[in-house]
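Shared between the two complexes below is subunit A, which pairs with subunit B and subunit C, respectively.
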Partner chain A sequence: MKIDRRSFLGLGLGAAAGVTLSPMPWKLTDDSSIWSQNWPWTPVPIDGEVTFDDTVCTLCPGNCGISVKKVNGRAIKIEGKKGYPVNDGGICLHGISGLQYLYDPSRVRFPMVKNGDTWKQVSWDEAASLVAGKIKELKDKGMADSVACVAGSDKGSIAGLYKRFITSVGSQNFYTVDTMEKTWEMLIERVHGLNASAAFDLAKSDYIISFGTGFIEGWGSPVNNFLANSSRKERHAKLVQVEYRLSNTAASADIWLPAKPGTEASLALGICSAMISANLYNAAFAQSAGKDFEAFAKFVNEKYDPELVSRTTGVDAAKIKAVAAEFAKAKSPLAIAGRGKGESAGSLMEFAAVHALNCLTGNINKEGGFWTIEQQDSLTWPSVVMDDSATKSYAKPPVGAVTSVIDSGASGAGIFSAVVSAVSGGATDSGQKVLSSVSKLFEVINASEKSPVELLMVYNSNPCFTLRNAKVVKDAVNKIPFVVSFSPYMDDTAQLADVILPTHTSLEMTQDVYSGACIAQNVIALSKSVAVPVYDTKHPGDAIISLAKATEGSVASNFTWKTYSECLESIMGDNFATLSEEGYIASELAPPVTPLSVDFSLFAAFKDSISLEGDAKSYPLTLVPIDTIRLASSTLASPPFAVKTVEDTVLFEKDTLVEINPETADKVGVDDGDYAVITTSVGEAKVRIHLFDGIMPGIIAIPEGLGHSTGAKGEIITKDGSPMAGITGATSIITQTGGVSKNRGQLENLYIGGKGVNVNELIGPVMDPASGLDAAWGIRARISRA
Partner chain B sequence: MSELEKKTESGSVDAAKDGASSEQKAEGDSGVGMGILFFIAAFAVCFLSGWLLFPSLLYSKKEQPFNFNHALHVAETGGCESCHSFREDGTFAGVPKNSSCIECHESQLGETEDEAIFMTEYVEKGKEVPWLIYSKQPDCVFFSHAAHVTGAKMDCVTCHGNIGESTTMKPYQENRITGYSRDIWGENIWGVKKNPWDRMKMDDCAKCHQEETGSKGACFQCHK
Partner chain C sequence: MTQDNHGKKYKFGMVIDLDKCTGCGSCMVACMSENNVPFKEDETNKKDSITWMRVFKLTNGKPFPETDICYMPRPCMHCGGKGDHGHSPCVSVCPATATDYGHDTGIVSQIYTRCFGCRYCMGACPYHARYFNWWDPKWPDGMEEYLSPNVSPRMRGVVEKCSFCYHRYQAARDKAYHEERRDEIEESEYQTACTQACPAGAITFGDLNNPDHEVCKFVNPDPHQCGKPRNPKAFRLLERLQTNPKVYYISEREWVRKAGDNYRDGEWGKEIHSSDGNSHK
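Presenting the complex of A and B:
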């Protein structure tokens, strides 16, 4: 018997036939197709019960109501909440992308201490005792006033806790980042003598003149404005946009008045003049409620005659008169101010010029008009107890104290002392008028040889990105011996910190939320935690309470609550139960009934608009920031989804594009798509050119919200002593040439970090003499081909 | 004429040469025989392993966390839907969560070891029971219980069989390639089925849809 070729043939054929007649090949074909259609490594969302949790979006001051869709308890989608007073089911692109903030690659995963060039993971207790130790040391030396805090706003219980902490330590150095809301509040205080916030009944107004606001580009409460704007046609309401650039708002408006930049206030006064001279104003109101109306009428007639105004603004006098007539004839006319998103304070006198229009129509505290809403201070804080050293230090004025030149005198203590007494909880109400500016704070630090601030706490703000002249702010922060960041992200400021105590993101925590953003309704809401914290972070309220406890002494005795929730429940009083059940408390949709007086003398004090920094000879052009709804330009950076929607005329690959009129481009010698260098007295940046006919010649417009830094420098060492690079993905980025990029920082948000130019590195702050706040709206600049 | 032809025509001229030729023939025969033998042997081995060995290699057997007595629970609660309920929004909840179980099992009700495991390992520890689901379709398949049970008023038994009468849970056989239960393809490896619930492949869905609705349905109805 010999095994030959035929045997093998037999074997092969036999095996093939055997296998074919068995179920094996057929079953395997089926299984492999199922396998390949359901790759085991492809993540599949877990199926389960779908539930909705209602809460409030706190990404911007708009505070829309949102419904968070969950599957099996895990948040998967954010939708606008139907029936909510602010947004009634609407939502913006940032709100809808809110979940991305939970998993942002730049999130700080645990408390960290900077150790030379590296970051070291520490426990919460270690971090708190380190910071508390520094504070105690300063307090013992009698330098408690050198402890400062910069917070996003002073609204709500969390900001209240941070303020209370700073006060307890013995410092007045608590700063908020000023927005247009503050300027409106100051204006109301001076013109109407009221301690109130401004609100605009936009949805009911039938004629809105917007002076450079980004009405549908993020100004005020964005979604609320979208709703008001989209119902405009049905309501036969008109929108007039005063702007030097064809923005989305200007494009959507019925009338576009392209006034030269910086002449908006003159145009407003020009319209006032036209109204008064044609007797189109509400004379009854001006007589009954107005003070010094005659002086104002004389002032505008002499200096702001439409013909004169036409020359300065570039807007035709006939058009000014026509708009004045339409505005006066409208049932509920409304004039609004606050450039772009209104994220910077702006010029008080410019706001005053615009508000003069509202005062002339008398459409104040009426349907569709300008409202003065009582400030909602429903929190009852126990009074602050200070020991001797704290009391002594507290007597010193804040580092960033500013004074305002114009004072109508009638206002008395007004808003400023109200701020102070809220801080001190009534304990040290000296009646002293204190107004401080965060820009001034950093300016003073930079100007001093040794920083007057020894320890800076940064909560819910990113001053190194959002403040004008960001480079100077960074230098100042670097000069401060000890910086503590409470940021959930490795943002531009957190990178420069010595300690990061990472806090929860908005979806991970509960907090009280107060409507603002000039909404014509008071809404107090409880934003609830809808997601389990992703990392080893703490509630910002709990973080400051535990820090106070670690500081011991009188500071700790002012923080007797065990947790933030206990604190919130006790200081909210009766509202807490209602809010826990209902989610929000909304006031009636009716104008306030506050009796009103108008002091026209302030309007008559208008001199000039805020002038731009830089001399016209070296810097022949005007650089202005532009706001787009797609890019967040405040404390939070835009989420990846939003960045994806940015047009490539704004951001192309990693370059910012600036808008420039073809005529100006010709003169400068640049063309569409060219690289160019913008130089201002503050800094310079390389950008690309976008030719745009819709912008006035002589102006360069640059988008805000870009140019975030590229993460922390240095390695992050975890508790077990190993570097964290593996999980951040930031230091192991493969470059296009195949090498490993060493330039990238840790915890970088690659979706926004390192893209474009930060406007604030080109524009410096300009202090408004009338308010003491930053009123820069641009800067003089030159541009040349790179 | 070639030499070979001459030889054939003229008959044998050389006995020795003849002998050699018949030997060659015998050798050829045995080669074919061996071929057939190998064929049969390989056929038998592959055929039998395809039928007998392959299924046991393809599936791994897993035990459920503990035994569950459906018959007992049906008798106590009255029917499938007391536990396998529809949510308020109309969606099917599938295997109940602990929260439903503890509506009755707040504390141990019986004396079985299985219930003791449930109470100590899951309820007390606040952990959901990781049941292995026999009827779980692949992720690429969408199936709505609401459409079939609530909409078309079908009985659970029509597709799931008499699970409600079982007192024990059979071992869960997981397909090592796909990761899904054997029950989808069916116990019979050739795919032969006697009852509707013996197999739940696409053709089975299509067959029933053809009979009941007159159409097999469109792809996207199940493959979203």
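Presenting the complex of A and C:
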């Protein structure tokens, strides 16, 4: 048959029409999607009965109530708990991501001992007897005081047990990582003569002046603040933010006062001066409750006249006076301090200058004001028994002891004795008032030829990441002969440990929780275990109890409880039954009725004592950290979900981006996206540039919470001598088709680890002479094109 | 011709108060956790970073200290399309009927197993609300345990996007049916995960056809103009495209409202006439 052009086209068109009209294209499309989507590794989550388990989130000191949604008993989602006093259904992104911490790839699967370059799996008994042996050895040598512990906080029964352990051994070297709460406590002690914590009735205040706080970026109790902030419009309440950068708080505020960095306290005193000279302060309160008010009035009028303050701060004098007038006129005005998230102690004098505003209005222990909350200690511990050697060692002062001197002017008291908040894990209630600082501890270790600390225990903290000048802290930890970590994760500090006794993550354990974070309410709660432990870990309470038992002697006799739950039940007393049933006990939302006196002499003795490290000539710019809620910057690293929300103007690939004003960039000769090197007297880092109009010229701002190391270096050898393979604890019940083990053999978290720069490797600590604590809020720096 | 929606049963929509939003990111994570959204080691290339709900940061472009910023959460807009007849930009172009307009709810669906990854819908969506799975999702060892059975995990080669937590609607409808309320569900019974999580209370969700629902009270949608907001402080993104989104934004700040669309010089604040005779401000 001859195929001519005509029949060829006819055939072709006929075939095309036939195929189009037939269901074949649709069938093929359908088949291809079926074929390309039935992969055995795509998980098919199993359905089942839905239940909710209520507990309390312990990821930050905010302690929100949470509801954990479960399917067939398997936790699948965390939501905020409606009606809970702290957060009433609200929740932050880290709280929602809580379940990711359970399966964090950097979780330590079993107790491990470091052996040169490798880690070796050991049993819990072996690990405990190894550590106990070292402690006994030191104790026998009369060196019990060289045993130290760094804990995240000193609240609650678990921290109490660790403190009790250190005390029983015979050492005063128990350290917590200081936050703004401690500075507020010291200030209350000095100004009001009370042993109390500070609280702010933010939700009822109608005029808040915030001096550089990250009010809606993780300061205090984050979700509680979100609620207070968003109801502002309806309540006709105003927020004034004093900050050199347009942070989220500044953007949300009604008035943004961009004072030059480091002049915030002067601005506060300038507002005080404007209030006093215009007779806008609460004279009746200042006269009746105040001591040395005249001296303070004279001091601010001479030195902090708004016109003068305007020159140092760069804020218009008229604006200062206007804010002073509005603040004084408000029904419940409130001034708050604590830079960023308030995760470091801060300058006592700066806090004092801010608190002077509260004292001038007299809005203290009133609705919508500043509250002094008595430190609640609902735990009753049996007293600690010490043998002779322990008693002898305990008499020695802690390695990181600091003194704080305040020239308190008119009142004439020279040395200010701060009170270490008395958590009764320890027992000698001799009322010893020794102030110590964890930054000082590592400084002393580094300065000594031989470390004065022989054995360091690290619980619920990550000093090698969170403390200023992290490199020096790492050096110090490396110098300590024996380091024991109780971390659930292979974090920056655990990597340097000799032994890791991995503990449960917060969702796997029960513990008592005390509201803090300056919330105007007392809430005691029981955080319950909502997930079966994924790995061979222990409750941190049980871990220390078994360590005490292995140490034997008088130490063991102070830990008579068989388990942590037995301990908790016995020391909590009546509260335990209530908490087990109700979940939490909340005190009434009423201001405390403590009669109050105000000693104005401290304010009158104001000295701007914190100067930044580095000379202005070689370091012309100021480097400051940025605290954002999306990046966790404390002990825990951010979970993968949170990292995913971080903007590409903060982190791009593995680079930190720093914010600078376009004007600064022009001077330095860099442009958006360029690589640059930041140099400070502490360190150097390669970063990228992000131009932002909202930051004051002359400042470089760098995000906190990045720069975690990736995880374990070196191979992990399991008991049978083989390298660690895959998951060891949990069995996957979820994949009907059978999960594929994605074994890395390493305890690495590559979702946050190895990304960006740790701010603390660029900024060093600055000891506040007034409090003895770290008050660094930045450092002098220079930047150049890389 | 006036645009009109045909009085369909539900028309679910969302109102976001941009003056309340603090950019905290809770909505993004609540969405990821609710909908089994995967994550990769590097999520800094935002073009391939799957975020059904994404919070954008806007600035007014003024120099220090006149600078202002605003955070803008962006879910899927669940467009009604021109005339609000359900011809959403994405639905119109899908060759596989993998995305469809629910005339009973106003929700634009996405059926992963029908999608064969042509990504026409991504090109058609003016809001960049759709994401493609370039890789199979991977969870660290054991983390698959937390996946929810209510939303199917996706696989390589399909497009995904915000569903207004449709499974929550189904659950609420089932419950109502079970309690013999037939199809009448309460406002509080069906809320999206982001609405529930927002600690600032910036997100409101409900039925735009129901005058008792908060969303309706906030924006006062005009039924004769396809739900155009009558509240002068409220706006929809790219209004002049006539996609008729069901996500509304509210702000007291003029520059923020202006950022909701592209305006030529002198156009802002005036009636804008479209080619087909429709006008909007």
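Just so we're on the same page, the second predicted complex is superposed on the first by the 697 of 786 C-alpha atoms of A that agree within 3 Å, B and C clash if a C-alpha of one lies under 4 Å from a C-alpha of the other, contacts with A are read in each partner's own complex, and residues count from 1 in each chain.
One rule holds in what follows: contacts are C-beta pairs under 8 Å (C-beta built on N, C-alpha and C of every residue); 3 or more make two chains touch, one makes a residue touch a chain.
Because the structure is predicted, anything quoted here is derived from the model rather than measured.
> Tell me which of subunit B and subunit C touches more residues of subunit A.
C
> Go through the superposed model and pick first if A:Asp4 touches only subunit B, second if only subunit C, both, or neither.
first
> Who does A:Asn229 touch here: subunit B (first), subunit C (second), both, or neither?
In the superposed model, A:Asn229 contacts subunit C only, not subunit B.
> Is A:Pro40 touching the first partner subunit B, the second partner subunit C, both, or neither of them?
In the superposition, A:Pro40 touches subunit B alone.
> Tell me which partner A:Val19 touches in the superposition: subunit B (first), subunit C (second), both or neither.
Only subunit B; A:Val19 stays clear of subunit C.
> In the overlay, answer first, second, both or neither for which of subunit B and subunit C A:Gly80 touches.
Second partner only, subunit C.
> In the superposed arrangement, what residues of subunit A touch both subunit B and subunit C?
Touching subunit B and subunit C on subunit A: residues 30, 32, 34, 37, 44, 47.
> Would you mind writing out the residues of subunit A in touch with subunit C in their complex?
29-30, 32-34, 36-37, 39, 41-48, 71, 74-80, 87, 89-93, 96-97, 99-100, 102-105, 216, 222-223, 226-227, 229-231, 233, 246, 248, 251-252, 256, 258, 534, 629-630, 640-649, 651-654, 661-663, 692-697, 726-727, 729-730, 732-735, 739, 741-743, 750-751
> Would you mind writing out the residues of subunit C in touch with subunit A in their complex?
For this pair, the touching residues of subunit C are 19-20, 22-26, 28-30, 32-34, 36, 39, 41-46, 49, 51, 55, 57, 59, 61-65, 67-71, 95-96, 112-117, 136-149, 152-158, 196-202.
> Give every residue of subunit A touching subunit B within the complex, in rising order.
Against subunit B, subunit A makes touches at 1-4, 6-19, 21-24, 26-28, 30-32, 34-35, 37-38, 40, 44, 47, 49-50.
> Can you check the complex and tell me which residues of subunit B touch subunit A?
So the residues of subunit B in touch with subunit A come to 27, 30-32, 34-51, 54-55, 58, 87, 89, 91, 93-94, 138-140, 175, 177-180, 185, 189-191.
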